[in-house]
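A short write-up of the structure that comes next.
Labels run A, B, C and D following the written order; every chain starts at residue 1.
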Amino acid sequence: MSSAILLISCPDRLGIVAEITQFLADHRGNIEHADQHIDEQTGTFFMRVTWNMEGFDIPRSELRTKFTPLAEEFHMHWELYFSDDIPKSAIFVSKETHCLFDLLVKHREGHFPTEIKAIISNHTAAAPIADYFEIPFFHVPKNPRNREEAERQEQELLRHNQVEVLVLARYHRILTREFIKPYQNRIINIHHSFLPAFVGKNPYAQAYRKGVKIIGATSHYVTAELDAGPIIEQGTERISHRDSVEDLRRKGKDLEKIVLSRAVQWHFERKILVYHNKTVVFD
Amino acid sequence: MSSAILLISCPDRLGIVAEITQFLADHRGNIEHADQHIDEQTGTFFMRVTWNMEGFDIPRSELRTKFTPLAEEFHMHWELYFSDDIPKSAIFVSKETHCLFDLLVKHREGHFPTEIKAIISNHTAAAPIADYFEIPFFHVPKNPRNREEAERQEQELLRHNQVEVLVLARYHRILTREFIKPYQNRIINIHHSFLPAFVGKNPYAQAYRKGVKIIGATSHYVTAELDAGPIIEQGTERISHRDSVEDLRRKGKDLEKIVLSRAVQWHFERKILVYHNKTVVFD
Amino acid sequence: MSSAILLISCPDRLGIVAEITQFLADHRGNIEHADQHIDEQTGTFFMRVTWNMEGFDIPRSELRTKFTPLAEEFHMHWELYFSDDIPKSAIFVSKETHCLFDLLVKHREGHFPTEIKAIISNHTAAAPIADYFEIPFFHVPKNPRNREEAERQEQELLRHNQVEVLVLARYHRILTREFIKPYQNRIINIHHSFLPAFVGKNPYAQAYRKGVKIIGATSHYVTAELDAGPIIEQGTERISHRDSVEDLRRKGKDLEKIVLSRAVQWHFERKILVYHNKTVVFD
Amino acid sequence: MSSAILLISCPDRLGIVAEITQFLADHRGNIEHADQHIDEQTGTFFMRVTWNMEGFDIPRSELRTKFTPLAEEFHMHWELYFSDDIPKSAIFVSKETHCLFDLLVKHREGHFPTEIKAIISNHTAAAPIADYFEIPFFHVPKNPRNREEAERQEQELLRHNQVEVLVLARYHRILTREFIKPYQNRIINIHHSFLPAFVGKNPYAQAYRKGVKIIGATSHYVTAELDAGPIIEQGTERISHRDSVEDLRRKGKDLEKIVLSRAVQWHFERKILVYHNKTVVFD
């Protein structure tokens, strides 16, 4: 049983909700969830609405065409998805595999509607894990000298597997602007700090030096600027003066896993809208 | 600038959202917030929608009449409020005044759209606080022998002041079934435990004896069954073996204040729907 | 480099700390950590002290004998461990394997100083996981008719492998009083509710029916009374009216993993003292 | 019944704990609490020990002299307090009074062992609150032109009232380096962000612009560098895209109150040791 998911943003105007819901009702679309938000500073209207395709009298192939006039009338940016279209994804990972493990277990338990086509790593540590979960593993070593060539190889892999979404599960190589560009709002990263604090390398060591009493983790879409893309989810955890940098690393792992897996789940459930380098995450 | 707030629950059916939003659009009601929820177990539809009364072409006095046909068609339970109708309330308190203080400070800062007509207490501890905040204080002593007479006095006070909502801010006297009856879903209590754990007296002493590692507070509507009414909000806080019962009491105070004040705010913002002894709390 | 860990409880008395620390200093034991707690209600003194065995001038084999006079003078209950004595353990699991997975990944990353000798289950779901982590798996089916025989088989397994500690990682069979008895304070369970709320079966369904706004998980030592043993650790997580029982189950999984793994870690780090059906958990 | 509180930091060495606790036992000092910490990176030992002065056979007036040889032997930095020496304090506040209110209510309930001698403000908003709590109020207007003169007036007030500790309860004027200097680790500030994120002005507006999913509050000792002194306590709270800057401000208030009041309590309970621009906060 398939559902349609419509994500909309447009200038706020009288009657938007009515027009959209009337369009669905006219075609016998039974709304399963509808959520809207108005950003009052910019006068922008956001909506996520899902409805059952069973009984809906517009065939899937004609839906875009039929919805276009309404979308144009309200100057909408819109995205349309179907719950049974399962997007293909790839996970990038380096030496630390706790997030990878957590994603794969949750994926196997059915939490993420995606087909994971590849695990790509600059190390070999994750190879046996990929093997156990029966996902193809690709070792693409990376260093300052071979970066261009390595990224070409990765791009080829992604293209060949029709990968639409990239999850960086503690991947410690910076992706170039060119590599990122075609995947706008489709590369999800986990940074092991409460951003915008402690950007860049060794955030736990930075947090330790600063003497914070709480550590954090942040999942965000990757943009050209390091650790500065739209934030999807954050989590925090108390620490104390007793905790060494190593303790922070250990305590942070559970935080990273939870924060990343929530962001990944919401992305694949099509709950996220990006605007002004921020996110609207519908319930 | 006044808004209308409509709270609806009814059996789920095709086109409900469309009909409601179309009704508003037809009369030039610009939706400010709309949120809906479907309880899939019982097939129940819930909605909260607010719109600007400026420009809305049905006068306030006719709105109920005009909406009734639609409401009947969908077998709705519905409540209609206007943001500039400020309901009257009373706060009941005993010896411990931290919640009372917190509510009065927040009320003064404009957090709760209510007019507090009376502070009623079985002790005199709160009298100078009521005085400082310039709210009439009524001392109504209560003991097993005079309960009937005391409640009659309180009822008279409430009637005389047209009080619609009662907030029990650590009021340590049990209200009778008869007293409660006319105020269904309009008496808000704070219980200093994570309900349903530790019902009744001395929940902190109970928690200490049990050796829990986290304490809680629960705000709920009062029903005839002690500490068992619909839960509005809960909060929790870590403790350790080092904490004495007195420490729990002290740490719990901030928790109680936050949990009660949130419930009170949501109630007066008309964000709460009750069904099956549970609450829907819209964002 | 080995450390000694001493856990003490006794009636509080002048000079206890001085006597113990002087004993260590006299024998050139450099204290790494010392933590004490006094329960004022019962006048009980608790202490955990660890020191470096390098340079300590009492050989390990004579330490118990040498410490006994001091212990007797103060009427101590005491336990002595060495950080390089790695105790043997077994994990019990049923169909749900998320906690098992989490424990095994963390064990592999070095979080728990224990040797896991066996994974025992009344289902076969965990067999491939055990296989991947190279830990012997034992399928011991259990039903009301064969319980006695099944427990005998398990006891034999545990004895044969010299297992000292049992971890119930979502094991859904009740252990008999006789089975539990020899493992006092050495069977760690995870219950998927905020105890003492929602004892017994289907706590998430109970929580859903009650309409709580926060769910919890509790790790405790197993005693003859169901879900009533000394609490080691608890965790909580916000939910809302939007969450179905299935959502609670999903959200609860991360909570269960974190709470159980903390309890397991603290147990093997010898940080827990039990008294009056409660725990002291040293930092 | 008075207790002595000793705070120590020194290079870590064999036998420190033994020497200190033996010193106390020799003089019949019954230890009430003892907590120690070793910073392994720098090899620094920290200790907080409290004991009952009843029965202790060194008179209070000779204690410093008697303890000095031991302190010198171990090259200690040390501070000695008595629980019945109540230090004098002043609260600085600007227009927003929620933290002030919370501190005064908690002070009246006995949470902070201090005598509040003055409330000092660049506005008059807090005057009636000071009046209600019967604490002298001083209005010291401040602008870029009169800063020197204003600070001189404040210094005079503090000196005259023998104030030892300053609490900045949302005081929105920067204190000069000269003003701060004599009060090292004795000026407690609350900053309404999760430091080091969002230093300086309007942190809630900064947080809103950045699109964080969690807001924070930080209490720290004031140093010459803005919002960069040793962190005492932090707290965080979830927000969502629905929250306006005004909502963040409102939600942040409870956070600020809790974080500041904890820091103030710990300071007056003498639980805080500062080193390397960080704090050790004993339980």
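Heads up, the rule we're going with is that a contact is a pair of C-beta atoms (placed from the backbone, for glycine too) under 8 Å apart; a residue touches a chain by one contact, two chains touch by 3 or more.
Please read all numbers here as calculations on a predicted model, not as lab measurements.
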| query | What chains, if any, are shared contacts of chain A and chain D? | reply | B, C
| request: Please identify which chain has its centre, taken as the mean of its CA atoms, farthest from the centre of chain D. | output: A
| field | Equivalent interface positions on chain C and chain D, same or different at half | value | same
| chain A and chain C, separation of their C-alpha mean positions in angstrom | 37
| field | Touching two or more other chains - residues of chain D | value | 240, 242, 283
| said: Touching residues of chain D toward chain A in the complex: what are they? | reply: 37, 40-41, 194-198, 210-214, 216, 230-236, 240-242, 244, 276-281
| Once bound in the complex, which stretches of chain B touch chain A? | 14-19, 21-22, 24-26, 28, 30-36, 38, 238, 283
| In their shared complex, at which residues does chain C touch chain A? | 98, 101, 105, 109, 111, 132, 240, 242, 250, 254, 257-258, 261, 283
